[in-house]
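Both complexes shown next keep subunit A, but they swap its partner, so subunit B is in the first and subunit C is in the second.
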Partner chain A sequence: MSDMGTAAGPLGALKSRMPKFLHKVDPAVATAFACIVLLLIVGSIYSTSFLSPEYLLQQLKVASFLGVIATGMMLVILLGQIDLSVPWTVATGAMMASAAAAFGPTGVVLAIPFGILCGAAIGTVNGIGVAYLRIPSMIITLATNAVAQGLMVVYTGGFSPQDSASAAMRWMATGVLIPGVPNAVIVWAIIGAATVFVLTRTTFGRSVYAIGNRERAAYLSGVDTRRVVLIAFAVSGGLSAFGGVLLAGYASKAAQSMGDPYLLPAIAAVVLGGTSILGGRGSYLGTVAGVILITLLQSILSVMQMPEAGRQITYGVVIVAMLLLYGRSPATRA
Partner chain B sequence: MNEWRYWFAEQKGTLLALAIFVVMFVIYTSNHPAGLTANVAQTAANKGVLLAFVAMAQTLVVITAGIDLSVGMIFILTNCLASWLVVGTPAETAFGVVVVLLVGLLCGAINGAIVIYGRLQPIVATIATGAVYFGIALLLRPFPGGSVNEDLADALTGRLFGYVPSSLVALLAVIMLVWVPFSRSVYGRAAYAAGSSEVAAYMSGVPLKRGKFMAYTLAGLLAAIGGLFLTFFTYTGEAAYASGNAYTLFSIAAVVLGGVSLFGGRGSAVGAIFGAFAFRTIGDLLFVFDFDPLWQPLFQGVVLLVAVSLGAFALFRVKNRLEWFG
Partner chain C sequence: MDAASSGAATLFRMEGVSKRYGGVRALEEADLAVHPGRIHAILGENGAGKSTLIKVMSGVVAPDAGTMTLDGRPVTFASPAEANRAGIVCIFQELSLIPDLSVADNIVISDPPKRFGMIDRRAQRRIAEQALARAGASDIHPSALVKDLPLSRRQMVEIAKALARNPRILILDEATSALTASDVKKVFDVLKRLRSEGLALLYISHRMHEIAELADECTVFRNGRKIATYEAGTKSDAEVIELMIGREYHNVFPPKAVPAADAAPMLECRNLNWADRLNDISFTVRAGEVVGLGGLDGQGQRELLLALFGVLRGLGGEMLVDGRPVSLKSPAHASSDKVGMALIPEDRKTEGLMLPMTVRENLAFAAMDKVSRRGVIDRAAESRLIDEMIKLLAIRTAGTDIPVGALSGGNQQKVVIAKWLMRQPRIILLNDPTRGIDVGTKQEIYQLLRRLADAGAAIVFYSTDYDELIGCCDRVLVLYDGAIKRELVGDEITEHALIASALNIGMSEAAEMTGAKP
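Right, the complex of A and B next:
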């Protein structure tokens, strides 16, 4: 940890002047929360309804889909890997769950688990490729993404499938169990709490951080690193598919390329939340901040009626700018 | 004799890619209803050349142990730009071509600056710049359309002397003008050295940063040449997100098939070109065997998956288990 102060440079100097309790706060997470406040202020100037509880809850509901997907992405990024198979894992989860829902009463019951299982299967292939075959994760996940796309194109005949989401899927995404709190937010909260527990209180979680720091050292310390990597990728695939299931419930059916708009935001949310893209460092709180930040940004851009082109450009520029602020790798030194 | 052995060891990947391509192409033409006519060759060359340019671009970056996930988007952006600019009198057309190529260079230079001087991870940085490039493409062409100087387009996509596809000649010219000078220059060596062992290269005083920067910049140029050719083939510009992504993906497949190591420091753009031709031919094999075109994406995905998994055989040669964890 001692070299972090020197790496932070000016931030290190700033740190010594701050009150003690602020020392523990990750500057990246603080920046992300500051940006959220800034976006809320900008939004409220633009439209008065921006700060109303209904609007903010609606944003939180939309954020929870991204939140579920970003949770899986965060696990993988903590390992120092990346999962680029998100787009078609999301679509596969949504399509397979909707397809299962069409198979009578048993199908309806099994729809959600089946969708998640299909995603976990894709994730397992990723994990085997990365952990046991030592293929770079971005390559194998791109390849499985292509295979998943191919399978879904064959299955649907190139059109959006006709099956619609089951009632349970719709209830989970749009229903309200506790008055005032959408179910999707509860789902995200449960997954988030479980992730925090696993990352901070279990051997598995500590192994994830250890592998992200230095896999060789983790292996020599007796961690079965390959099993941990395999499980992390499988969980990431399962969560992506679960995000797809929720999205299908939200839109009440699956669609081709429904996962495309989630790859970049998922990576961005994790990275903007201060998780090191090199692995080994990052907190779930940061990812939550990143997800909310991205969702608010998307929402403001759509309130401003920014066309798709402008949105893409803004995303790219914001991500590069934020990364340049606090996501830089150390310089090459001998 | 020894010289030959070294040459062979160095070119093994390229020769393997050539062999795969030749086998695939023979299967393809022998099952094609028309056989190997000048027309069939021209169509195959035109389709292959597009991917070959993008694959060359990817190779330059992969050699430095990086990756450029924005090549497909630069390709789409320059396509949209060319559909506005490469029209009119010969002088206007020439001006348009120059501007398109400069924009490609600029896109590559931005990637390079962010990755090398900004020290960001190439994956995330190029996904983000790719989004920006696609956004600009969408601004230029919200709907497919535009046109291109058809004389130039026909000249570059037609045939020379009745048989030779002129796109192949253009590809050869680009290899001679861009790849050969770069790979033999100090900067080209630096790009290889950076991919092979960055720390060792740094300690030997190799101009690492400039070498890597050159690689990213030239990758932008090559993707722009690809985009220009796409405009010549289609006569229009279209900001197609799926197509940009597909070209990025296929460029990686072509690079892998072409024997370029994804860990950097090994391989050549010529190998990647054969890899691109082989990948295209494999995709087209489905058509001559009368498969449903619906199966093509799956087939290409499986080819890619198998191709990247083949690299895992190197694991069997590893004696010390710790080397798995690099």
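Right, the complex of A and C next:
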């Protein structure tokens, strides 16, 4: 066995022929972007307006809600865990922010941070359960989701909530600060940039990847793994709630079960973007691609005027097909 | 094959069998003949090739070369199930029972009796009762859950499970290591009865007394080769140990420093206890000293290192670092600058490294606080420190941004050591750091250990390789059953003394053996 690296396999030979800037691109991310292009081509066959800037910007705006939620989901999936409390964390964020907005001028100012804080609290409970009590994340997050749902039903009395979103919430979701770019997209871009920085340049980010790869090795290396897991879940909860705040601003008010359509797409977006569902591997660029891909897919299916049942079936089948195509992690190196 | 010359009594024969794992020769040109109605003991040090031999025989791994014959006919086994059908059944060291199933369920698990496509519970119970009776354990109820049985009873179920498959050759790999003395006696009675029934038994054990009582013939392995086969009782313990150690393997070890007896103790343990794995362990390590942990595999050495590093919960006893009592809560605490400890773990693939992550990320991982400010990594400072370490340990890598899994085993191990040296630890714990790496890298590691000790570090070094303990250590603590049985200092550290203490043979016998050394 040679002492030099054994990286140069057939894949290595292929890589050396590609232009240099492509070396670092994950094949999964490249595939996701290729699928986006393919969807746009298919869509433009149906309607030429598919390639118009207005339509694309509108899609980007819709995508940014999912993008914010998927960012938190990605953090948790990188750890090798999952956050199934997304639906009612989204709803809690939306409802609590709207509720705060009804409490006079102070409430209006604090509406957004309050909503996010409520989500972070749910996430913290998840994090304590997973990191300290060693409850499988699939169970604890499902449980907190149910509890959050119960609390919200108690709060609203089971009816659709009456408070409306504050002006700031509406502005953030639908306003336009920079001409041509919806504010929601800017919000997503800022969160995305911060996430890229945290994942690639900080000790926290390194620890997240390390725990996802080998929690035991990370722990024995002197990393406080439980703290990292706790923080990741808290951030995930906060970002889900923030997604809810944006959605409430978009629709002017919160609604029961408004978060339901965001759980599967958030997980699918992360995994389609090349992040290993087992944790430890993945880039934020991939998640961006996954989010756009999912949003375009949903949009095209509705533009095709397929009946709801058919749309759901097609949506699910396409996601499974894409995962079969490249979502499974390749065999690991020696 | 020369079936004629092998004699009619030979049931199973293996000739020229070799097996490699990567670059490691686990078994080389091994021969073995097994006869019905006899107990054949296999002896050898850790890593001598005994386990590989058994795995080849029982179909767990396929040999690279060589032939096996059963009843004079050549056989190959693609799986353990095939070996079972041919009549070769193995009882492995680790218990293979499923705790939440009943005894009967476990006994027939691989081939339950069926009726109309469903498991025939009555037949299953009958089979289990017969097997248990044959194993001399008819006191165990077939419908009891395995998890409710004590460890020694479970081992009896394990034997019953093997017997239910009607073996012609029964292999026992360290099958008594979990048993108490009275249970061992029961198992021996069963084994002797099985022998009289005409079964061939292959018995692997580290316990010399057991082998002396049971075996009809013995085969010694060393470094993957068969060294000798002899009739039991024809060789003394000293001669057997001589065969097990061999004389051909010697490494270049750096000279040991003159021990400074007045140096202050850096690490001190008083009466450490943990579950039933560590019993009353007390010792001190001074600055500049390399203290070895010896003994057979699995006598508490790993637990001791983990306990020192703050991994184990519920540790009893006292620990002092630099004379001050400490209570370490976690590896993060143990490796903090205040304590300054480092642990090179046992398995670099699962405990030491994140294989898919880059060399850079792995190297910097334990010392991230040294190259970051407020949690933000300073890439330039990181690169400087990493390059320094790569040079210091002569790590051969095609860059720092390739996955560490692409490096050779020896270089991976260097990365594990380097990542800890970046913290400049004062107390270094090593858990068998040279396992599975090439001789050249081993020697570099020995030199490095001595350099670190000379620079004032206190080193605790567990190795399964006796040569290393002799060559590297100023003192060796020999563990047996979770307790320190003997402390060897300086010239007392010899192969004979190490093995004798590891096997817990009496001091007089040990002295006799040391005297018998040529």
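Following the convention adopted for this analysis, the second predicted complex is superposed on the first by the 307 of 334 C-alpha atoms of A that agree within 3 Å, B and C clash if a C-alpha of one lies under 4 Å from a C-alpha of the other, contacts with A are read in each partner's own complex, and residues count from 1 in each chain.
Just so we're on the same page, contacts are C-beta pairs under 8 Å (C-beta built on N, C-alpha and C of every residue); 3 or more make two chains touch, one makes a residue touch a chain.
In this text the structure is predicted, and so the values were computed from the model without any measurement.
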Discussion item. Just to be sure I read the superposition right, which of the two partners does A:37 touch: subunit B = first, subunit C = second, or both, or neither?
Written reply: neither
Discussion item. Contacts for A:206 in the overlay, against subunit B (first) and subunit C (second): which applies, first, second, both or neither?
Written reply: second
Practice prompt. Identify the partner contact of A:222: answer first if only subunit B is touched, second if only subunit C is, both if each is, neither if none is.
Written response: second
Discussion item. Just to be sure I read the superposition right, which of the two partners does A:178 touch: subunit B = first, subunit C = second, or both, or neither?
Written reply: neither
Worksheet item: If you stack the two complexes on chain A, which partner ends up touching A:142: first (subunit B), second (subunit C), both, or neither?
Response: first
Item to complete: Using the touch definition from the top, say if A:280 reaches subunit B (first), subunit C (second), both or neither.
Response: second
Discussion item. Between subunit B and subunit C, whom does A:45 touch in the aligned arrangement: first, second, both, or neither?
Written reply: neither
Worksheet item: By residue count, is subunit A touched more by subunit B or by subunit C?
Response: B
Worksheet, complete the sentence: So the subunit A residues that subunit B and subunit C both touch are 216, 219-220, 332-334
Worksheet item: Considering the complex alone, what residue numbers of subunit A touch subunit B?
Response: 82, 129, 133-136, 138-140, 142-151, 153-154, 157-158, 215-216, 219-220, 225, 257, 260, 263-264, 267-268, 271, 277-278, 307-317, 319-320, 323-324, 327-334
Worksheet item: In the complex of these two chains, what residues of subunit A are touching subunit C?
Response: 1-7, 201-204, 206-207, 209-210, 213-214, 216-224, 280-281, 332-334
Fill in: Residues of subunit C that touch subunit A when the two form their complex
22-23, 309, 311, 330-332, 334-336, 343, 345, 350-357, 361, 364-366, 368-369, 372, 375-377, 379, 396-399, 402-403, 405-411, 419
Fill in: Residue ranges of subunit B touching subunit A (in the complex, touch as defined)
67, 69, 114, 118-121, 123-125, 127-139, 142, 198-199, 202-203, 208, 241-242, 249, 252, 256, 262-263, 294-302, 304-305, 308-309, 311-312, 315, 322, 324-326
